[in-house]
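Quick one: structure below, then a few questions.
Should a chain be cited, it is by its letter among A, B, C, D and E, assigned in written order, with residues numbered from 1 in that chain.
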Amino acid sequence: AEPVKVGIMLPFSGVYAALGDAGRNGLKLALTQNAAQLHGRDIEYLELDTEARPERAPELASSLLDKDKADFIIGPVHSGVAMGMSKVLRNKDAIMIIPNAGAAAATGPLCAPNVFRTSFSSWQPSWPMGKVALDAGYKKVVTMSWNYGMGKESLEAFEESFTAGGGEIVKQILVPFPKTEFQPYITDIAATAPDAVFVFFAGGGAVKFVKDYNALGLSDKIPLLGAGFLTEGTLEAQGDAAEGILTTLHYADNLDNAANHKFRQDYASSFGKPADIYAVQGYDAGLLIAQALNTLGGDISNRTALIAAMQASTIDSPRGKFTFSKAHNPVQDIYLRKVVNGENQVLSIAAAALEDPARGCKL
Amino acid sequence: MFNNRAEKLFVWLFFPLALLMPLLLDQNTFYVNKLATILILSIFVMSLDYLVGRCGLVTLGHALFYGMGGYLFVMLAPEYEAVNFWLYTFYVLAIASVIALVVGVIVLRTSGIYMIMITLALAQMCFYFFSDSTEFGGNDGLFIFVKPETDVFGLSLFDLDNPTHFYYLCLLSLFNCLLFFKLLMRSKFGRIMDAVQENPERTTALGYNVLHFRLASYVIASALGAYAGYLFALQYGFVNPSMLSWQTSGTALVMSILGGLGTLYGAILGTLVYEGLHYGFEHLTENWLLPMGSLIILMVLAFRHGLAGYLESLVEKRK
Amino acid sequence: MSSIVLKPADLAPPATPCPVTDVVLQTEGLCKYWGGLKALDDLSLQFHDRRLHGIVGPNGAGKSTLLNLLCGSYAPTRGKILHNGEAIDAIRPHEFSRRGIGRGFQKTNIYPSATCLENCSIAAQRRVGGSFNIFRSRHSDRLLTEMAAQALEKVGLSHRRDAIASRISYGEQRQLEIATVLATAPSVLLLDEPMAGMGHEESQLIIQLLKSLKQDYCIVLVEHDMDAVFALSDQLTVLVDGQHLVTDSVERVRDDARVKHAYLGQGDEVI
Amino acid sequence: MNNLLEVRSLHTLYGESHVLHGVSFYIKQGQAVSLMGRNGMGKTTTLKSILGVLTPRSGQVRFQDQDLDGLPTWQRMRRDIAYVPEGRGMFHNLTVKEHLQMAARPNRRREVLWDYDRVLATFPRLQERLTNLGTQLSGGEQQMLAIGRALMTNPDLLILDEATEGLAPLIRKEIWEVIRTIKASGVSTLIVDKNIQVLEKICDHHIVLVKGRVMFEGDSQQLLAQRSEVESHLGV
Amino acid sequence: MDITLFLFQLMNGVQYGLLLFLIASGLTLVFGVMGILNLAHGSMYMVGAYLAWYFVNTTGSFGVAAVISAIIALLLGILIERTLIIRLYRRNHLDQVLLTIGLIFVFNALQSLLWGNDPLGVAVPAWLDGAIPLTEMIEYPVYRLFVSGLCILIGIGMYLTINRTRLGMLIRAGESNRDMVECLGVDINRLYTLVFAAGVALAAIAGIVSAPMVSVVPGMGEHVLISCFVVVVIGGMGSIKGAFVGALMVGIVDTFSSIMLPQVSSMMIYILMAVVLLIRPRGLFAS
């Protein structure tokens, strides 16, 4: 039979390149591992570097859709790129699977039958932290993130649950993206002296923030909380500075389930480095495709059936089993984790089978 | 009309070929769209090329107008009603001109590297304005839900939803743009602009208010840059602050230098080659930056006056 | 160098070498200071129509500074400039030329990549107009081309009409410089060392040219070529260290002891 | 007496246009030589070809019995040639003082005849303008600075291209005096100027260029003898 | 804002400014003084940081790593100037833009191939790993003070070299008129090679000493590039003093606007530059 065409639109150069790499690795790993489920169909990969440039996204998406006639299009990392992609892909023939970008709109007002997400909505990892903070007895919290969609949505989600339980956000700090001069803000936090700080940062910015926070001596004085990206794929670079940070996320390295053990081992032996959340999300995108193919006996020509199959699937992910909501968002457990000895260790489940409210989605 | 045989050759080859392209490509949506994007970029690069190459006004903020073209349309047009393309073209051009006039008065006080930086500064401010805003979609950008209609007196010339039609609209625009600039340069105004570029001090001493000429050119180029951005926004119905980023300006500058500064048709050549290489390498390897960068370096070293200069030397040798 | 400074009031009215004519350009108490340096101090002069007014003085006396002030390149520190009785010290640089004040530079200042004819066309277009016309072809204006060609002819450069300006010799570039100014059809000509770097023959040509031009123009000439200055000037001003030393007829200035001391020196050039 | 500089059949072109057609001459040790010609006859081109700023198509330049051909300009200058260019070559971002300091260099015999103080003593006008930038000087002051700067390199051969252009008569005399002093101290000079009366007195040897060819070459007596012919070449 | 907080923030601003100056110092030399538009300056900063990371990991000593990296950068600078830049001196300045953008591409690709895309961190060297407690809340890391001191030293060194030595005069003269400098018997080509290499080395040194304070990530060079140009231009082309003052201004304005005017802080350094250029169209201290 014809090969299944899987288009990959991820950043392979620039600031987000590490995330793109991991996502692609995970995806390929899943599809090789589950080759048996594909009913003899080969996979043909079509990879495009988005360079994290939103203005190019429509064109690249169109290339995969109109030129290559891809069946699945996996991408992207960056929310702006997600917007540009979905402009072209919504309600089209190809299935778009978002392996990272958390923008609420993609599965909110702009949700569409053919758009799935195997990662999270920006609301999910942050919302449970509000309760965690309250439980720890924190009353006054400063929140901080880059001033862009993902960051602001994360802070809002935290605020939603935190203030609902009686907490108070004493200050919200939005740092221009992608600035990493955090020192003045951290000094300001020290002067405000809140009970705790909740932040959203990822990648290089997360490394810099955690280092600065520690260098100014705040890490032993004001507890640092964050959406899990703060310590994902960055722990080695952060070194000792990250010890003790509490985060919530839909994954943790040491989750004790068979899928995770196998995944981590295979990933490390295939790519020579430890897996992180971005790899898991890519991996799950692969699992989703494999499962759908399996269900349909390898015939994906009927897109309605395909979408139905995908929507109905339960993914046995390294993060634990998850299903899809009506808006095609994962319904998943969120874990509370703590950095101990350079590892994200699970303390507890902060929210079980959490479903994104998907505000504005008419599906 | 033409400055040399190479230019003539290029124009005579390019436009007829471009006219046939959609037929040759069997109207494949992607390719036609991709080519249309290149045509749009060519307009943008050409307007920059005029500014940098013919007026000596180097800017790293031209994307300000490119992005402005897109965002102006978003701001002006009602969200869900169809609007008239020509009318909004006029609006965009007019408002962009006014903005360019104001910006021009500010930036033209400086010159050289200082002007590069102040244009950059203004573009960055505008970039952050849209990027930090909530009304305009912030960092993630905005969708445009309406495609304008191109009716004139009930006669619809182009159906903008059809990629092929859109392509022809872009081609027509590019052709007009080139024609317009050629006329401009041959005109009496063009003579003084040449003079201003070459020796502004002398030109002042001869009684010309150099600022006025520069300003006029700046407004013209900026308005056309905005027009390109407007077309770009319409193509996929999507605007994003990255249209305004300095990388956008920088890439356009690279295309125009690569093509051969100040030659205008070189802007098309530069855009075509740059985008072509980008497309080719990107599909070849994910490390496309390496061959792309190396090739750019080789081309700078090999071509003294860009691709246009190289073409000219080829044509001359033949003669 | 010179310690003798005369205020205008001390000066006897200059003996008029020829009948009194209109004052076209006039300075009143004109000063230009560069920090502490008084490049030009309290200068009051009158420039007449159809007269060639020579300005001489040692290097750094402020001659070029004076021309720069007269054509609006510099703003005066103090003092007034009157053109046909109107104060023009506050108008913008390009308006000087519009008022008919044309300027040649000490350092050759042309459009190096344009042809000689084009150089003059640019200048002539100021007169002819239409510079903001973006539709009229630049080559279609016969009158303009004619004016430009005439200017070239006047300075004896017709044979270089289509040569690129950067490729003609230095002396020819000096000639071109004057041609450009002439093409703006000025009424006042400010020339800064037009003969510098020119050969004898060319100098001679320029001298002849200026002789005929001064029938119609008010010319202010700064020049170190004494033969030329003496041959041409109707009136001669000597500046020393920014100060006005004397303004008088050529004969008197030539014999003035102070001028000899400060500028000319005694006798032959090589002792 | 040795030939200090020998120029043999230089042919130099600007692109297609052939400007020098086999220019040959020589300068003896300690001589002052004038190079005359009307505008555009190739004087500057000759000088630049000697200095290696322009590369002649053919011909040789020998200096102090060594071939200079193929050497970059700076190495030629290091053999103690100094150049005062037409148009003065001021640096817009250096002060007068720095113009002189940057050029200071003893010659290859490690002699310092000209130093900062001596140059300033020769051009007192510069003394007053030490902190001005090069391009802020009056034309004549620039000319003095250009000569002063050249002297700071303590040359064996000083090449002056229209060095008295734009100088007041008094200063011009001073410059000629300076050139005499230089000559007396054994430095050779190659002077491009238009003032034939002066050159006749100062220089030992004269060369007249017409359209890139040497039309006259001889000492001052020969020049006097053929004065009218030479003057016709010069357009006097 | 009380007085201690104000002083802290001022200190933050000054420290950031000094670091900016260090990163921009090489650019001041290459772009400000020599007039070469080197857009790949940021890449050199990145290369320095990555080299430092690599050699810290292989040699285990930050000091040794710093020296090796700086030497490699110097050689890299010589190589780039000799093979590429030298061909462009007599051409349009904008060709340098094209060339150095090509270089950015190449360096980014090489970085990705050699070192991957994950964020990397370099530990602060043990002998500088301490902190001075300032209040009960805040302490100040010794390493950052050390870097500030280094920035000041480099600044003074550059200022003296460019403005007071014959070498500096020759460099400046070369920017004004290369041919004339050569006519004074100076090997301008070698001089320019050295200055360019010094500029590259300075950028790399900035990357090396920043490595323990920042995260070593792809694209780190591009972020600082524009700030560096802003610093040089505010100060005025060719002025070391200007770059120093400009860097401090940018650092302080950026710090205080972050806290006091968060709505516009992203635009603040551009507003600063625009205002400076409107008042002084050629920067603060341009010659």
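Convention: contacts are C-beta pairs under 8 Å (C-beta built on N, C-alpha and C of every residue); 3 or more make two chains touch, one makes a residue touch a chain.
Just so we're on the same page, UniProt names per chain: B, E = Branched-chain amino acid ABC transporter permease; C, D = ABC transporter ATP-binding protein.
Just so we're clear, the structure is a prediction, and the values are computed from it rather than from any experiment.
Under the contact definition stated at the top, no chain borders both chain B and chain C.
On a Cα centroid basis, the chain most remote from chain B in this structure is D.
Put simply, the C-alpha centre of chain A and that of chain D have 75 angstrom between them. Centroid to centroid, with C-alpha atoms defining each point, chain A and chain E lie 35 Å apart. For the pair chain C and chain E, the distance between C-alpha centroids works out to 49 Å. Mean C-alpha positions place chain B and chain E at a centre distance of 32 Å. Contacts with at least two other chains are made by residues 12-13, 147, 176 of chain A. Chain pairs recorded as touching, per the definition above, are A-B, A-E, B-C, B-E, C-D, D-E. Listed in rising order, the residues of chain D touching chain C in the complex are 14, 17, 37-41, 44, 86-87, 125, 129, 136-141, 143-144, 162, 165-173, 176-177, 194-195, 197-198, 201-202, 234-236. On the chain A side of its complex with chain B, the touching residues are 12-13, 47-49, 53-55, 57-59, 62-63, 65-67, 79-80, 82-84, 87-88, 103, 105, 110, 147-149, 152, 176-177. Residue ranges on chain C touching chain D, taken from their complex, read 34, 56-61, 63-64, 106-107, 167-172, 193, 196-202, 204, 224, 226, 262-265, 269-271. Of all residues in chain E, only 166, 169-170, 172-173, 175-177, 179-180, 182-189, 238, 287 touch chain D in the complex they form. Interface of chain B with chain E (complex): residues 52, 58, 106, 109-111, 113-114, 117-118, 120-122, 124-125, 128-129, 131-132, 246, 250, 253-254, 257-258, 261, 287, 289-290, 292-297, 299-301, 304.
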